[in-house]
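Input: one structure, supplied below.
Naming follows writing order (A, B, C and D), and every chain is counted from residue 1.
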Amino acid sequence: MPDQEFNQELVVNVGPQHPSTHGVGRILLNLDGDIVRKAELIIGHLHRGIEKMAENRTYLQVVPLTDRLDYVGSMYANWAYCRAVEKAAAIDVPERAEYLRVIVCEMQRIASHMMSVGSSGADSGAFTVFVYAFDLRERIVELFEQLCGARLTYSYVRPGGVAFDAPDGWADAVLAEMRKLPTGLEELDKLLFGNVIARGRLKGVGIMSTEQAIAWGATGPVARGSGVALDIRRQDAYSVYPRIGFDVVVGDNGDAYDRARCRLLECFESVRIIEQAITQMPEGPILTDGIPRLIAPPKGDAYARIESARGTLGVYTVSDGGAKPYRVHFRSPAFCNVSLISRLAPSHVLSDLGVILGSLDPVFGEVDR
Amino acid sequence: MRSYLFGVLWGFAAAILIALTALFGVWWERKVAGRMQMRFGPQQAGPAGVLQTLADTVKLVVKEDITPNLADVPVFKLMPYLVFVPSASAFAVIPFANGWAPFNTEASALFFLAVPGMGALGMLLAGWASHNTYGSLGGVRAAAQLVSYELPRTLSVLSLVVLAGTTSAVGIRGAWQWWWIVVLAPAFAVYFISSIAEVNRGPFDLPEAESELVAGYFVDYSGIRWAIFMMVEYSGIVAASLFGAATFLGGGLGIPGPLGVLLFVAFTVAFTTMMIWVKWSFPRLRPDQLMSFAWKVLTPVALVQLLVAGVVSAL
Amino acid sequence: MSTADTDGTRRLDPDLDPDGSCGTAPSATAAAHPTVVHATNEYSSGVRGAFERCASLFVGLGITAGRMRARPKTLRYPFERLTLSPRWRGALRLTGLLGTDEVSTIQADCASYNARIGEMAAAGGLPPCTGNCPANVDARGQALYLAKGMSAEAYELVRLRNVLPGTMGRICHYPCESACKRNHYDEPIAIRPLHRVAYEGFQQVRAERVRPLPVTRGQRVAVIGSGPSGLAAAFDLMQQGYEVHCFEKEGKPGGALYSGVPAYRLPRDILHGEIDDLVAMGLRITSGVEVGVDMPIRHLIDEYDAVLIATGLQSSRMLPLPGADAEGVMGALEFLKVGNLTGDVGISGKRVLVVGGGNVAVDCARVALRVGASQVQMTSLESMDELPAHPWEIEEALDEGVVALCAWGPHSVMAEDGCVTGMRMQSVVSVFDAHGRFAPQFADEYMEVEADIVLFAIGQASDLHRLVEGSGLELTERGILPVDRTLMTTQADGVFACGEVVTGPGSAIGSIASGHEAAVSIHRYLQGIDLAEGRAFRPDLQCPRYGDVDLEGLQATRLRAKMPMAHPEERAKDFRSVELGITEAEGLREAQRCLQCESGVCVGCAFCARACPDYAIDVERVDDPDNRHVARYDLDLTKCCFCGLCAEQCPTGALRHTAQYELAFYHRDLMVFDKQEMQRPEEGSRATGADGCAGGGCD
Amino acid sequence: MTTTFAATMASIAEKFKSAVLADSDGVADACIRVEREELLGLATELAAKGFDQLEMVTAVDYRDRIGLIYRLVSATLSASLVVRCDLPAEQPRVVSLAGIWPAADSQEREVLDLFGVAFDGHPCPKRIFLPDDFCGHPLRKDFESPTLIRRPDLI
């Protein structure tokens, strides 16, 4: 009987201050040599209590809060929250505002996927991929800056429409960028996903079957990487998505490679959506007029969900008839996806831990709320 | 007595030469990597940022080098030197000119290959001494990697020795023929790849993998001690390029006179740039892939190359 | 040898052989059926796979080498700086502050007034209240002066575009208040009552203020009719230096305001007081002269350089119903004229039925109550909420006891031996057809209503037959004078027309507005300038619709001054004033509530502080009339998250974002921008560094 | 709410005496209120009927009671269902559904952390966001803490 004391596992504390945890997550690893035996996710370092803060603000003042949720994709959080408020207060949205929302959120999806694909490259050591991905992201953030004056936290989507109309010449600038983007994306695909070392690092790592994906509550590219063809834009067919043709990107093996590549191919779909949306966008008002300054939806609940870059982003609001929401809850896809790490990491090498976590694409603003 | 004094002076000159190569290496890497990533690289300190690394060195010298309280202090303090001395001594045997090397002995080629290997012990102990889980993991990986890449590197240089008939680097350089380039191309490839691994760079930088172990065995070093580890790495690159250019390409294709020297320097810079280019283009290998690549790919190729070299030298 | 994955991937050929079509540009087929794209791709097996693996390495090297040739994209900071978009949400700044900057009032003469309004609207500086008023009265300027206690200046500023401020303060249908931005926050500013406050303030200093206007031009203009439109045109022309002579056929001037509007709405002394001011300023009015009867119009055309027909609508339109000629059936205008002027129409104790749903009908009903009618009923085609009369007029009438029978159309008048006993009414299904045109549909359900007197208030018409004899003007077969509605010219040279005779039944302020247009045309005609060329017209603006605000829980100071009303029963007995008017102090406070919209000067209304999610703004205003200023305006940058909600809520547009985002400060108190710092120049200041971006010094 | 879906919901509701099929309240296609005793039974029944995806678990503090909300999505029936369960405000305790749907694991820990609802049978019933020694549950309406700054009620 080997002495118990010798095969004691090495406990390593990865994070919260660590380059590859995509933010302030902390993973307590039990290592047997290089093999991970147990990974326990400890989160909460970025918990600001957004849901508690939202209970003491008016419905419009919660919009800047939703920027700080998924700060890499703040357009989604705005839109999901505004859809919930519009559903609760029965506010309708003009046609042009719906198109602007779709265009802006698909651009945000590309920017967010670039962040994720770039960091899955950086996790596996290819730092240049991270820089190229951020170059593509920079072009989109530049367009956002021209649209609403901010680069990260936009507060652009408002209950009943959007805050600013597209400046003249903006739509053509977006179209021009969307024509140049596919070449950049293909280059990234060749540089990272084509590379034999990267495939070696990403393939066969963190495998999740389709049933596991559904049972464990994974959504978005993380679930689609395992073959779950679940896309809320397709399922709920909300806003003007029914009028726009796009495909759902699905992976077969459910490993880190498929999840990351799903994100890259979704960017192509987003480019298609944006081009169609811009051509179909009508003229007209961007905000329904007659929305009171203090929106006070009648008593009752409302739930609205959209397909964010990380998955099903749902917003559940309870209203007591007053000007401040009684309760706001964000069904955060990053929170559900990142808690898979404790199920996917065991029996992998330490180097794979960063790759698996990167493929789950957590943003700890949305995880901790 | 004079020769002793002469030796000490020569030692200082070598140390300064090595420091200069390291400075050049760091600056050149930051410039090339910058341009690859669509940015300028250092540009403010001096023309095109040339004095940037000098400024860094001054900062590192002045910076306080912290010793972790639980560290094994004497070992912790000694390790940078134990790692630096072997890799610096490699410069002594590089045939800079036809027939001349600072320290010309019979088996200088093998000396160049064997002595840096001792650095592995230094890295292992450095990681262990800093009493840091990441440090020890990095040290263990460094040792495993250096040991497993010694073999293909030595075999590739052996095929050179077989063709040249002598094991002294100066002799190899003297006996260089042009058709060696054709015959020894795979050997050079193996030599180049394994020397990247030897220096812990490029796709093989497992010991100091930023995204996993933060900084590997020198994670707890700071100030001048950390600078020495950096000097080891960059002088290692330049040493490998110099030796590669000198032996595999006969130091400027054997052309005497200033043109030869110019070619020799050009080849060295080219090989250094290749190493930088490879590091910034590829992701990092996993430890098991690293090992299997060394034993299952590089070593067989080097052995076959040795066979070919033996047959050719018999003709 | 295709790879393992299915045909779905038409995006990227996985194995990297050079000829592979690396993804066509995404096809823009709109409704492509939703296929599933497979993201997984593997290397092919065997030797070909090995070749692909090595090729992938060299492709990677090729891409990074390719990028080395391109020029780097980063900037050589700090020599090269980012160019920011104009909408950049940097640190906030105030373009103007009450107390240090002055809000501009619209002081322009009638010729250039419309151009000034158009230019303000284009620059986004036109307040919605001025924009929505037909005559573009500067209500913002009036509130500004009243808040400083300068009611005389306020009166004169309003009089520029609204010739009878005191009168209009009582009878205007105030479209300005529905456009007031304060509807968005709590309650609109009471602009109409403020006209009355300005009028009362002006009365104290009336003696010194009313000076005869200098006559600087030789031409003389004749105005037929002294209604609001005529007087407006006359006043404009007097200000231009012309000599104006006004002819009124009634005993006293005022036109419809005198004979049509009942005294409980508009006391006569106020109307005639203001007209006397005009006379004192040089207007010659000869009453009792009916042009076309006592004096031919040809005489005016020869005598004067320009003639303006502003007679308004004189006769009420009657319905050719069976029995309509019975005794006891009267027209609205005739009834009102006699009721208002003499007071006894001989209907005391009788039952009155008013046919019609407009303002004139409501006036008839309420006057009938006051002159002794025992019971007053109103019938109208439209249903209750579609009534064309103003809602507050209807409400006041119903309070006073008038019974409204809505959605009933007149069928015939029942009469016994010549005098009226009642009317047969037919129920109405719909009033307007699909395109909104007046096409009533009747059901065959009938009802009788007993009444002794029937008043038809279903519209008015002008009878100009006698007026136009010998003037060369022909009337259309329906008796309407053909007039160019934009330039107010008629066929005859030098003869113009304005007021309800041109626009048809409308509001008093609408007539005044057409008076201004006529004055501009006359001025250009007399100066020989081409009427249409370069003629600026009033921009038509959409008044924004505001969501309803629930007011309970708001501090009382934010709410609107309540207009005290006379008790319904008492006021129904005689012609005393219905609205009792607000006091001077209430007027002052109400004027201080005005947000000075689009002025670019912060008035300390603190709506930005209320809009801020993090309560980063703290505003305090000092309100004593002679030194009204914003005492404190602190923006705490440690709390501000640059979300921009405050700048959107700022009614004056004073709170703006700048391009300053490098805001690291050395001292804690530099982080709180006080009043001075908020008014920093666009480039920079002590807190944001000389060029606005270098960050604060550590002084 | 398609008829077949309504039929299945009605059939499920009868099985449990305390289950009430309420009208859809804007959160999902259908809504079932159930007592906490029968929650586990209803959950297993629903999981069997094709509700394989538990999308959201959250709670609302109605001051006198705490309402638990489970939102389920079924790909086969292509419909969504919300299960509501009310707990007493003092010591809210309910059975954990992590056994049926593993997705509930981390979301139930969040409800435990912010509302203080104890989940019996949960694989690791620990706080997820706040440090373990944190006293009180922030999202409760009666949560008081010295660091909680009351904001001026300026609307």
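Operating definition for what follows: a contact is a pair of C-beta atoms (placed from the backbone, for glycine too) under 8 Å apart; a residue touches a chain by one contact, two chains touch by 3 or more.
All values reported here derive from a predicted model rather than from experimental measurement.
Located most centrally within the structure is A, per distance between chain CA means and the overall CA mean. Remark: among chain pairs A-B and C-D, A-B carries the greater number of C-beta contacts.
With centres taken as mean Cα positions, chain D sits 61 Å from chain B. Rounded to a whole number, the gap between the C-alpha centres of chain A and chain B is 43 angstrom.
The distance from the centre of chain C to the centre of chain D, each centre being the mean of the chain's C-alpha atoms, comes to 52 Å. Chain A and chain C have Cα centroids lying 46 Å from one another. In chain D, the positions touching at least two other chains are 151, 155.
Along chain C, residues 57, 60, 63-64, 67, 73 each make contact with two or more other chains. Annotation for chain B: residues touching 2 or more other chains are 36-39, 280-282.
Because contacts link the chains in a way that matches no line, ring, star or complete pattern, their graph is best described as other. Applying the touch definition to every pair of chains gives A-B, A-C, A-D, B-C, C-D.
On the side of chain B, the complex with chain A involves touching residues 33, 36-39, 133-134, 137, 203, 205-206, 209-212, 214, 280-289. The part of chain D that touches chain C in the complex is made up of residues 151-152, 154-155. The touching residues of chain B, when paired with chain C in their complex, are 32, 34-40, 43, 277-278, 280-282.
Residues 57, 60-61, 63-65, 67-68, 70, 72-74, 76 of chain C are the ones touching chain B in the complex. Here chain A touches chain B in the complex through residues 10, 12, 18-20, 34, 121-129, 131-132, 135, 191-192, 195, 197-198, 200-201, 349-354, going by the rule given at the top.
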